[in-house]
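Okay, so chain A shows up in both of these, paired with chain B first and chain C after.
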Partner chain A sequence: MTLLDVGGLTVTGRHLIVDGVDLNVSRGETVGLVGESGSGKSLTARAVAGLLPKGLTATGSVTLSGRELLGARERLLRSVRGSQVALLMQDPFAMLNPLRTAGAHVAESLPRLPRAARRAEVLRRLAEVGIADPSVAGRHPFQLSGGMRQRVALAAALARDPELLIADEPTTALDATTQHEILMLLRGVQRARGMGVLLITHDLRVAFELCDRVSVMYAGRIVESGPGSGVAGAPAHPYTSGLLAALPSVTVTLPRLEAVPGSVPHAEDVTDVCAFAARCGQAEPECGQARPPLRELSPGRRTACLYEVRPRPRTAPPALAPDAAPAGGTLLRVEELRKRYGGHVALGGVSLDVGAGESVGVVGESGSGKTTLARCVLGLATPDGGRVELAGLDVTPGARAARREGAHRLVQCVFQDPSTSLNPALTVGATLAEAAAQGRAEGRPSVAELLDLVGLPTAYASRRPRALSGGERQRVAIARALAVRPALLICDEPTASLDVSVQAHVLELLRTIRRELGTALLFITHDLAVVRQIADRTVVLFRGEVVESGETARVLDAPAHDYTRRLLASVPPTP
Partner chain B sequence: MRGALVTVLALAAVAAVAGSWLAPYDPAAQDLALGAAGPSAAHWLGTDDLGRDVLSRLLAGAGSALFWPVLVALGTTALSTSLGLLAGYRLGWVDALMMRIIDLAIAMPGMLVLIVVVGVLGGGYGWAVLAMAVLFTPGDIRVIRSLTLAQRGLAYAEAARTLGLRPARVMFRHLLPNLAPTVVANALLSFVAALVSLAGLSFLGIGLPAGTPDWGLMVEENRGLLDLNPWAALAPVILITLVATAATLLGDRLFETLSEGGAR
Partner chain C sequence: MAVLTLLARRLAAALVLLGVLSALTFGLLAASPGGPEQVLLGSRPSTAETRAAIRAEYHLDDPFPVRYARWLGDAVRGDFGVSIYSREPVTDVIADRMPVTASLAGYALLLTVAVGVPLGLVAAMRRGGALDQGITLAALVTLAIPPFALSILLLYGFAVALGWFPVFGAGETPLDRIVHLTLPAIALAGAQTAMVVRQMRAAALDLAGQDFLTFARARGLPRRRIWLGYALRNAALPVLTVGGLLLAANLTGSLFVEQAFGLHGLGALLIGAIGQKDIPVVQALVLLGGAIVVAVNLLIDLAYLAVDPRVRHGAVTS
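Presenting the complex of A and B:
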């Protein structure tokens, strides 16, 4: 029985954002809406809940159990929200009121009950989302971990027993192991209650793991839909196929990561053509003449592609030997590095080596100390104890003997967040020229050479960061780091905030750079699949301690430590 | 809207620079036979009790009314921006020392200090302007410092430090442009505060010698003429309000445009 029926949903602001989306969710079913940033998936969800930001208008139809919600009065929407539709958002901290306890969040949405019964009911609801400890009800959001907060938010969303739960990237902000737990919890609750779930996510693996049916969104429209296993196994749209090919694998090191070239167009620029044609490897003239309809392949299976998708040659010889073994001696030596922030031990005596030209992955969850490690090596944080040695030079920050003057030519960094990694006030050219001037005079690369190195056109030199996409900004950040020709490049989650198709491009770029320039990499990430693709050796950090290290293939295929095993188990299977 | 704001400020600036030239009469010329006359074809805004042309005095007074506040705004902005950047970027003892001094400075009652300083030292606006710069700076330093703190932790600032750039370069080339919206808006607010405070001082008879053509002083001297020629007192009040409002609103607008364009 259809619970939610969305027909021809169009969202317009200053531009067209969502263009004719059809979608339905039945009771007891989980439907995934998958898309990269800018695909319009989140606004689709908000339009369904009647929560569009000011200035955006929705047309089309959204019916819930036969009642039209679009254009309905706020009174009706209020009676529907919570009791029939509930929302679970990405950021569990922003979703909870910092001044109210976990229990209060749940109690607020419960039906009227006597005081004692109410308390019991709150505890029962918290237990449903896996919070067995009754004292949690009395705690405030800041006293809870990210996973706990998301559980509380889920309990609050479920308090009025909605028929439909819209979950907008519910696990994106969480650590891998927590993410897995919350996804399993979501599935368990959905099955137990028989409710409908609309899951919005950018992560194909999450969607395929959890959803009965999946719709793939691109540039404001749905390009493919069907049962999860069907879409994963035999994508019927080149975009889906490209996204799947771009997914790094945790089990094999791929010889080449296939990125989808180009970037997502604006929905209104492609209303009358195939939105993906400009980036499609098998586009024909017809693709640019009319908008391909979402045609039915088999019952419940649709694609907006006119042609049959050529299967991608999923490269036959998978087990690629790691790149040529490092020849030189030790480049970076970290010994017994310690750092505390108040009572929190960020680094509890971490030691590791990186050889010249070697690529070492550092894997860990938030709070494992991996970023603190990078900051100590870079001289941005002063360790409480231990030594950092670069090319035989003691560069421990804060130490009296430290001579960091030359250190910036030895080690550079690519930071995580592409939105802040470049100075918004400077042009790309100015940023790169300034960086190059910090290197040695002989062999100093020009701005054009640096842009070329990361595969960007020379004309980008005059652009400012805000005119660049996230992936392009990260590439400029890589060029800036390489401008001084460092021997070691630290990458602190450089692709964590990027879409899959773009991530593949950046990873491939880093591999090429390492091969061609011989730059050693210290690659910090929480993503085991990424580390598989890029690192010769892997170090697993857990609560500021190295719990396991060794050849990447050995660590991932035969983990010795329990924590590594848990990390591996939480990775959703690659389709 | 922005056009109107800029026009008001531009006209004020023209009056400040060329006011004495534009004035139809000598602002000091008395015509006792024509004391406190209402507006006429010859005297558009009438005359004051000594028969001096109100319009000419307004034009001639624009210079001192606007020049000193501009000076205060420039001085305050330069001082607070560099000290705020320094405290927020350097942290440690530099920051701690500066913040304690600022705590003290903020505890001082501003207008009272001004009155005492100018009253004791006397002689024109010079001391008042200096005292005002000292009084306005601490608050602005705090604002700039907190913004610097937020910016210095961003990836681009850390990248600049990682590249081994000198601190001054990181502060002024990398951080400062990203603080520009606030710096500009603050400068305009300082200008407005100084404009109103100096007019207030003049009104209290502190600062300029009696008889000088000055907006604040004119309000004080002509407030007895409200029944005979209300324009003599109202016109300077209206001008002060108009310029102050225009500058405040323009600051708001600039803040928004600059934030949209540069940062974010």
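Presenting the complex of A and C:
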């Protein structure tokens, strides 16, 4: 029986954001709402819970167990929230009140109970989400890890036994292994309670692994829906098909990563046409004439594409042999690097080499020391012990013999979040010119050359970062790093904050740069599928120690260390 | 453990601060124009005998560190010597004035918090609305009016024209005192309330976008709990700091308001003492002011400890 029924949901702020979404969730069913950033999926979830941010209005209909929620009074909504519909949010670090204990969060959400019974009930609820240690109830959020916080939040969200749980990217901010645990927990709780779950995610693999049915959202509307396995096996919309093709695989190194060209349009610019037509490889004139309806292919299977999707030639692509190790000597040598922060050991004696023109992946979870390693090599952090050698020069930060001047011409960095790593006050051209001026005068690249290198039009030089999309900003950041023609490029999770289709683009760009300029890469990531696509060799870091290293294919296909095996097991299968 | 280290560190810093302040204060006398004996003589005739008597009484022939040590020893025991002007012990003079200033400061702080915190919260809740704009504008205007001007306006309006409140003095019985101090407290609290409103509004706006408030609403928590347990408690931290500093400023005397309402408080005393070159009184007042600021800051630290578990567990330093 239908629990949640969303019909023609439209969310408008200054612009149209969600455009006529239909969705339903039955009791005991998990439905996935998949889309990239800007697709309107999170605001759809907020609208269902009646928690839209100020300034946004929703029209259409949202009925929960037959009761209309849209336009209902706040009083009614408050009685429905928590007891019938609960919302679990993305960031476990921001979702809990920093001043209250974990137990208090659960207790305040419970119905009224006598004191002693309440305490026992809190512990029971925490046990349900896999927290067996009763002392956790007395701890504050800042004393708990991300995974623990997400568990506490889940217990609090479930305290009034809602019939429907909306989980908005509940695992995006977590490490791979924790992510896997939380997803399995979510599935377990859902099955035990027979609850309906609406899972919002940008990760197709997560959606397919967990959901009975999946709806794909694009530019504020649903473009395809159907059972998870059906959508994964035979996508019926070119967008879904493009997203699937852009997914990196952990088992094979793809010769070419297919990105979806262009960027997501605003919902209101495409109300009367197919929203995807401008980026579609098989668009026909008809696509730009009317908005394609969500037509039924078979019972429960719908697509908003007028045509049959051409299958992508992606049946067992030839595994790419890793590029032959370049002949050059060792470019970066890190020996026994140690660094402590208070009582926490960030690096406990890490050694690794990067050859000239080689690509080395560093894999590990948060807290494994991978970012500290990058900062030490860049000279941004001073290690407590060990050596960093670049092209034969001792550049160990803080060491007496260190000769850092000139080191910035040898090594450059691309950071994780391009929205904060570019100066918002400078135009792209000014940023690139400033960076290039740090290099040697002869052979200094011009702004146009740098933009061309990363595949951006020359006209972008006059734009400011705000006017660019996330992927474009990251390409500018890469161009900036390349401006001094470094021999080594350190990439610290450069695609972690990007959408899948954009990630494919950036990864492909980095591969091309390496091939054409011979720049060595030290690629730091938590994503094994990404490392498979980009690195010749892989080093696995665990709690500041190298636990395994070797050729990427060998490490991923035949892992020798337990931790590597655990990391691999937590990667959702690639459809 | 972290709590004790924090407290120990703060106490040590407070002692060092007071030590430096006392040395500077004592230096006041030695560095005063005409030399210490001239100042200590005051209006008495300056003859060789009186000067010698003063030198002997105050041990002015001893080396500076010895004099400082003796003075500090006395000061710690509450003996700041005798007022040159009134010939009474300085401690008595100050004790005489303290109650007026303390009740005025407390009253003003009460008004500031009782009015400023809710207004700031309401302004943040109704962000951009007419109420928010009204409150923000009113705060800006109040902030721009100097306290003495506000004092005169209040005096004219409520004491002279309407006759609701007395014009002058501090009152004798407790109830009488409240009536007498109402207008001065309002005059003092005006600008401070405006500051607290702005601070509270900014803190609450900061919170409004936080996930934990949305998550609290998503769990269907009652509105009262969300506002008190979530919004108010999290916004309280920056407001606590401002409130404490205001209290310290008020306790050390509120010059303009005391002058305007003819209150004999510490502010008026300080002005008088400086005018009469009554150095022992000035010394005691400066040191008292320092001690109050230090004590209030310690109280703020303790309040932080009580409100924020992150400080309690040493996860962040305030």
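Keep in mind that, in the parts below, the second predicted complex is superposed on the first by the 572 of 575 C-alpha atoms of A that agree within 3 Å, B and C clash if a C-alpha of one lies under 4 Å from a C-alpha of the other, contacts with A are read in each partner's own complex, and residues count from 1 in each chain.
Going forward, a contact is a pair of C-beta atoms (placed from the backbone, for glycine too) under 8 Å apart; a residue touches a chain by one contact, two chains touch by 3 or more.
The structure presented is a predicted model; accordingly, all values stated were derived computationally and were not measured.
Trainee: Should chain B and chain C be called a clash or a fit once both complexes are overlaid on chain A?
Mentor: Once chain A is superposed (C-alpha atoms), there is room for both chain B and chain C without a clash.
Trainee: Once the structures are superposed on A, label A:Leu64 by its partner contacts, choosing first (chain B), second (chain C), both or neither.
Mentor: Neither partner.
Trainee: Check whether A:Asn423 is in contact with chain B, with chain C, with both or with neither, and answer first, second, both or neither.
Mentor: The first partner, chain B, only.
Trainee: Where does A:Gln412 make contact in the superposed view: on chain B (first), on chain C (second), on both, or on neither?
Mentor: In the superposed model, A:Gln412 contacts chain B only, not chain C.
Trainee: Which angle, to the nearest 10 degrees, do you get at the Cα centre of chain A between the Cα centres of chain B and chain C?
Mentor: 30
Trainee: With both complexes overlaid on chain A, does A:Glu434 touch chain B (first), chain C (second), both or neither?
Mentor: A:Glu434: touches chain B, not chain C.
Trainee: Rounded to a whole Å, what is the shortest Cα gap between chain B and chain C in the overlaid structures?
Mentor: Across the overlay, chain B reaches chain C at a minimum of 7 Å between C-alpha atoms.
Trainee: Contact residues on chain C for chain A in the complex?
Mentor: So the residues of chain C touching chain A come out as 127, 210-212, 214-223, 225, 229-230, 233-234, 307-310, 313, 315.
Trainee: Within the complex, which stretch of chain A touches chain C?
Mentor: Per the stated touch rule, the residues are 49, 51, 54, 78-83, 86-87, 89-91, 94-101, 108-109, 140, 142-143, 153, 156-157, 159-160.
Trainee: Spell out the residues on chain A that touch chain B in their complex, using ranges where they run on.
Mentor: By the definition above, chain A touches chain B via 378-380, 405, 407-409, 411-413, 415-417, 420-426, 434-435, 438, 466, 477, 480-481, 484.
Trainee: If you look only at chain B, which of its residues touch chain A in the complex?
Mentor: Interface residues on chain B, with respect to chain A: 154-165, 173-174, 177-178, 180, 262-264.
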